[in-house]
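You will see two complexes here that share chain A, one where it goes with chain B and one where it goes with chain C.
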Partner chain A sequence: MYDRMQELGKEQMTRIHDASMDILKNTGVIFNEEEALEIFKKNGFRIDGKIVFFEEKDVEQALKTVPKRFRVYARNPEKDVEIGEDDFVFVPGYGAPYVITPQGDQREATMEDYDNFCKLVHSSKHINMNGWMMVEPSDMPHETVHLDLNLSNILLCDKAFMGSPVSRAGAVEGLEMAAIAWGGKEKIMDKPVSVSLINSLSPLQFSDEMAGSLIELARHGQACVIASLIMAGASGPVTLDGVAALQNAEILAGVTLSQLVRQGAPVIYGSTSSAMDMRTGALSIGAPELSMNISFTAQMARFYNMPSRSGGGLTDSLFPDAQAGIESALALYTAARNGINFMLHSCGILGSYIAMSYEKFLLDEETCGLIRHMFRPTPVSDDSIDAEMIKSVGIGGQYLTHPKTFKLCRTELYMTDLMSRMNYDAWTKAGKKRIDQVAEDKVSQRLAAYERPDIDPGIEKDLTAYVAAKKNG
Partner chain B sequence: MYDRMQELGKEQMTRIHDASMDILKNTGVIFNEEEALEIFKKNGFRIDGKIVFFEEKDVEQALKTVPKRFRVYARNPEKDVEIGEDDFVFVPGYGAPYVITPQGDQREATMEDYDNFCKLVHSSKHINMNGWMMVEPSDMPHETVHLDLNLSNILLCDKAFMGSPVSRAGAVEGLEMAAIAWGGKEKIMDKPVSVSLINSLSPLQFSDEMAGSLIELARHGQACVIASLIMAGASGPVTLDGVAALQNAEILAGVTLSQLVRQGAPVIYGSTSSAMDMRTGALSIGAPELSMNISFTAQMARFYNMPSRSGGGLTDSLFPDAQAGIESALALYTAARNGINFMLHSCGILGSYIAMSYEKFLLDEETCGLIRHMFRPTPVSDDSIDAEMIKSVGIGGQYLTHPKTFKLCRTELYMTDLMSRMNYDAWTKAGKKRIDQVAEDKVSQRLAAYERPDIDPGIEKDLTAYVAAKKNG
Partner chain C sequence: MSDLKTITETLLTGDGEKVAELTQAALDAGLSAKEILNQGLIAGMDIVGARMESGEMFIPEVLMSAQAMGGAVEILKPLLSDEDAAGGGTIVLGTVKGDLHDIGKNLVSMMMESAGFKVVNMGVDIDPDAFIQAIKDNDADILALSALLTTTMPMMAQTIKSIEESGLRDKVKILVGGAPVNQSYADEIGADGYAPDAGSASKLAKALLA
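Right, the complex of A and B next:
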């Protein structure tokens, strides 16, 4: 289809690939993790201290075994999701230390907030997977909070969820809890029940937590996003193509490790690289460069026949206002149209990742619904066009009472849950609320109406006992 | 490029075309205008009362002479615009009877409002053309207000503008005023200096005002948008492909008339068809069906090698809130990406066309800027990627102080005019303003800083005298 966004030709993508290969071969990537270095060494990679150098053939070999699509299994089999090719998932926000209140006040997030977001995901028509660390609870001990997050993820929501990449030990504990939920480690070894986020440290590094988690998760058949977040002009080149080459080098380094650990381990090509704001030096995720990078990322992932990840409903605004709406819609729509498969941060993020907002969550959620509806194909068959009906209604006629309208209106036309279509009089009578104020009311209603999904009481007991034992131990 | 929006194949577009031909041949279109009927009659069309029936060969003949692109000349030659193929323009909102105040109160629009919007367009970095009837001034006599709008369009802004299609006489008066501004009617006969909006009356009618205006404007070489606004499920079929066939019939009927009047008359294939809200029965322009129709419209126009028009920054919200941001961004971005050439309603509209908002105008304007930036192609050459630089910065290095960052940051990275990138502390110090509140301040600043563009005093005098004479006559 004609598109005013830049399409990369094969030759251009090859240029980006070649630049990445040059960087990987001559500059290399630091892996701050002993086993990672051992694995590379064992496979004949050149190593200098913690720097690993990659030959193109090694990367090509890894790319051969990466699956182009996979299924993530949910506790409720009806909610399994497919990731790759035409299939995509909306996943909520990730990593926010704060919550922005409906009054615009920033407060530290709590475990109750985390649970609330699990509940909203569970009852969401549009969010396909539960997240991880949607907020960072400030009222829980840092060392063990990942256990509580895992427990909430499994108990409060029956959708597939994101896993715990806090550290190698944390990843293992997440795997053990998943094994309890699925009735044994062998049950999840060949079927991913989680997707975990492994971030590089740009430029060209992986931390011990990330590399260690990646090794454990790949080894146990769990899916990982391998992602780069470059700030153009700060932690990477100021040009979009330079960012593409640098992030590609980082992602492919991680992908190569994953396939050395286990051939066929499901991994996702990920990026939320964006720009630095030149006035403040801070990361801007409302920047148009984010969407431009999303488009490049989607194209490069497809070049490698890999599933892809990007944000998301992202914004720099600290309030669910028009700016938040515009910036989030542009980025989320770009990701969804251009073929991203795993849309992290689809819902809730404000202020360049600093906070989640319940009201923004509901707004973004409706955006997800709008966007998915926009992708519905229309038959464009003679039957569906139905020129006979148009001729029979004729000049100056009306279609409102036509049987076909009655029959099809509920499937053809999107019904909003949140967005207002009131006229001025009705809006005035309803108190002239902005949509963020309407969302505030709906959040309370949604949480009040929440019902916990059923779970085998034995599994719940074992999970709770596991968490308690780890905390005491 | 891979795209999750539906791409119409040639066969599907031919099906839509064939359905339209069937409707035009067998049901026909009413033209409530004597000369229009005479023109069709003279050219051998079958007529029954006011109903005109079209043969496919007549439509095909008309399509042969429609230009695929054209230039609209501005009073300031630096601001001429190109419409067609890859070139597109953002044009402000149109037809709103009200203004929504920053407090959310609806008030009748005035001539002062109209002038203010002319001033905002003049000083806009992102809006490429001035509009028409951006608001309907309630404080001016209905019979002559089009003269005042024309005068403001020419005097207050030196960009190309939209013309007056209020009636045949109104169109002629607009032409006469343009002739004064350009130094004679012969000066504008072969160079369009205006684009006027000709709407059908769905289903399958053209009013006398619209048909009469179209005849005069086409005759004098002025560009027209020929547009349909179908409410799916009310004034047209509930299915998207049915709407496409019906609107296509209406648009092609108007296009055929334009080419019978003058072969090669510049016309634009237009639509803002959207859906009826099934709860209220009212038009919804925040609906996802709007964007889906925009995509179909862009593709059908390209099928006929014609320039295309759609909205725009459209929303059902009555306040410049997050809903307004989301809905407007989705529609405007769809139009711009999918190849629409004339984006009417790019800025300012609230509440399903009922009102303009100054604050929304500024928000949408920045969205236009964001979107145009997103289309900037990146070279993706070895020079531009610059792997050597990435290698020299190396592992863990920084790019902030690199000469290349200094050199390119102003062109590579979009600098916002309105959108906030403050952190929470800075935002708190600045009074925690929502972006609509920030926009309110900026509107006053923009209007205070406005400087009227120069114009030949003789021309200004003649224009003013023309308007006065017409009002007294």
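Right, the complex of A and C next:
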């Protein structure tokens, strides 16, 4: 199939790989974490202080045991998700400290906001997994907020969720809570029930929190995204090719650690590297370089037979306006089309990750629905073509009253919940509403109609008691 | 009474065979054709119209219900007086001279038929004189004109002018519709009403004759 988006040939991908191997072997990567350094040392890696140097054979060995796909189990088995190869998931925004209101005002996010986003994910037709830290609640103590987020994730939504990589201890607490929900740690040891986000610190470092979390999560069979977020021209080279080599080195370093901890631990090759805006010095995630890198990320992950992560509904705009729509749709579409498997930040993000917006959440969610539909393969069978029907309707006939149209009119074509398809008069009569205004109405309706999913009362009691005990201890 | 309710509910599913069966059964049980038409079928189509407007029912489903209604009316027709059969009145409808589009107009035709109007669907590319003749022949209460092209919209104005000249203008209400048409154009050319879609067209027709 002809595709204008740049396809990397095997030779080009090998060149990127070789450059990464050169960087890993000669410059190395800092791991600010004692156990990580011990693990590398025990496996015969060359270490200088906190710098770990990698030989190509060690990386290749790790890549051999990485699963190319895996399932993440949800509290509701109907909502289990598959990640890898042709299967992909949309996952909401992550890490925003603020909420931008429908009036365009920025305010600090609260725990109530976090719960509301859990509710929206639960009732979403298009978002396949719950996130983590969708907003950072300012009204909760920083030291224990991860417990509250885990609890809301489990109680308010029955989809698979992301885990807490705040620190080694935070990761362990997340694991213990998941163990309560699934009836024992042994029940989740070989069964991922969470995916956690492990970020490198570009260039070429891993913090103690991230490396410690990665070790605990991999050890307990929980999935991790190992991701790099390079700002081209600031925390990485200004050229996209240079970024590809640098992020590849960082990701492979993390992947190698995960497989040293536990062979076969499910990990995802991740990047949302983009450009720095050269006029302001700000990170730009609405830049076309983001989408170009998304495509490279998907291709390099396939080069290593790994699932990939990128995203999402990303924008620099501070309001759910046309800029937000353009930038988010381009990035989401590129990610889905190029084969990204885990699309983090699929919905809600505004202002280069600074804020979540309820209205933007709904807009992006709709984009996810459109995209999922676009990539639905058609059968191209005699039945789906149905030349007999076309001949029988004949010249100048119509298909509106044909039984086949009646039968398929709800399932064959995508029905939008949000986009306006009204004529001018109907639109005028409905108040000439912009899409963000339509979304604002729908947010309240969705939250009002939300019903909490069932959970075993014993499990709920144990989870709540666990959180209370940790907070008091 | 429950028979009529079942007819109404079945009509909403678009199952024409079943609606015809139930209609016959209701007649056999001694209900009058007029009752069945008004309280069973037209009551059902009123719900269909409302659900179409709210987006709950899709157009192919609306048309399936309308066809089911049409089938049942065929059974009832021999038993209805002319007045009852025409229900709300008689509508002459067509696409104006120079314009060959008919899907939207046919949709309007079916919606009006199922709302209880007698509809004379003249087809496409109809010149003003043919409309005038049809109004006379059918003693029409309403003339509904369709145009999809901005280039054929002026033919709506001309058709209305011809009807004025023929002296029939006071006898019929004129409705206009089609993608480029809007309320202000309808006002400008002296039409009695404009509807943006088939559901509201039949509602408007009812209102104009009430």
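The working rule: the second predicted complex is superposed on the first by the 473 of 473 C-alpha atoms of A that agree within 3 Å, B and C clash if a C-alpha of one lies under 4 Å from a C-alpha of the other, contacts with A are read in each partner's own complex, and residues count from 1 in each chain.
Keep in mind that, in the parts below, contacts are C-beta pairs under 8 Å (C-beta built on N, C-alpha and C of every residue); 3 or more make two chains touch, one makes a residue touch a chain.
These numbers come from a predicted model, not from an experiment.
Enquirer: Tell me the contact category for A:G286 with respect to chain B and chain C: first, second, both or neither.
Expert: So A:G286 only meets chain B here.
Enquirer: What is the contact status of A:Q106 with respect to chain B (first) and chain C (second): first, second, both, or neither?
Expert: The first partner, chain B, only.
Enquirer: After superposition on the shared chain, which partner residues are touched by A:A469: those of chain B (first), chain C (second), both, or neither?
Expert: After superposing on A, A:A469 lies clear of both chain B and chain C.
Enquirer: May I ask you to decide whether A:C409 touches chain B, chain C, both, or neither, giving the answer as first, second, both or neither?
Expert: Both partners, chain B and chain C.
Enquirer: Count the residues of chain A touched by chain B and by chain C, then name the partner with the higher count.
Expert: B
Enquirer: Would you check which partner chain A:Y333 touches, where first means chain B only, second means chain C only, and both and neither mean what they say?
Expert: In the superposition, A:Y333 contacts chain B only.
Enquirer: After lining up the shared chain so the two structures overlap, which partner does A:A430 touch, if you call chain B first and chain C second: first, second, both or neither?
Expert: In the superposition, A:A430 contacts neither chain B nor chain C.
Enquirer: Touching chain B in one complex and chain C in the other: list those residues of chain A.
Expert: On chain A, the residues that contact chain B in one structure and chain C in the other are 398, 400, 402, 405, 409-410, 423-424.
Enquirer: Given the complex with chain C, which residues does chain A contribute to the contact?
Expert: 398, 400-403, 405-406, 409-410, 423-426
Enquirer: What residues on chain C touch chain A, complex-wise?
Expert: Residues in contact with chain A: 14, 58-61, 63-64, 67, 102-103, 106-107, 179, 182-183, 196-197.
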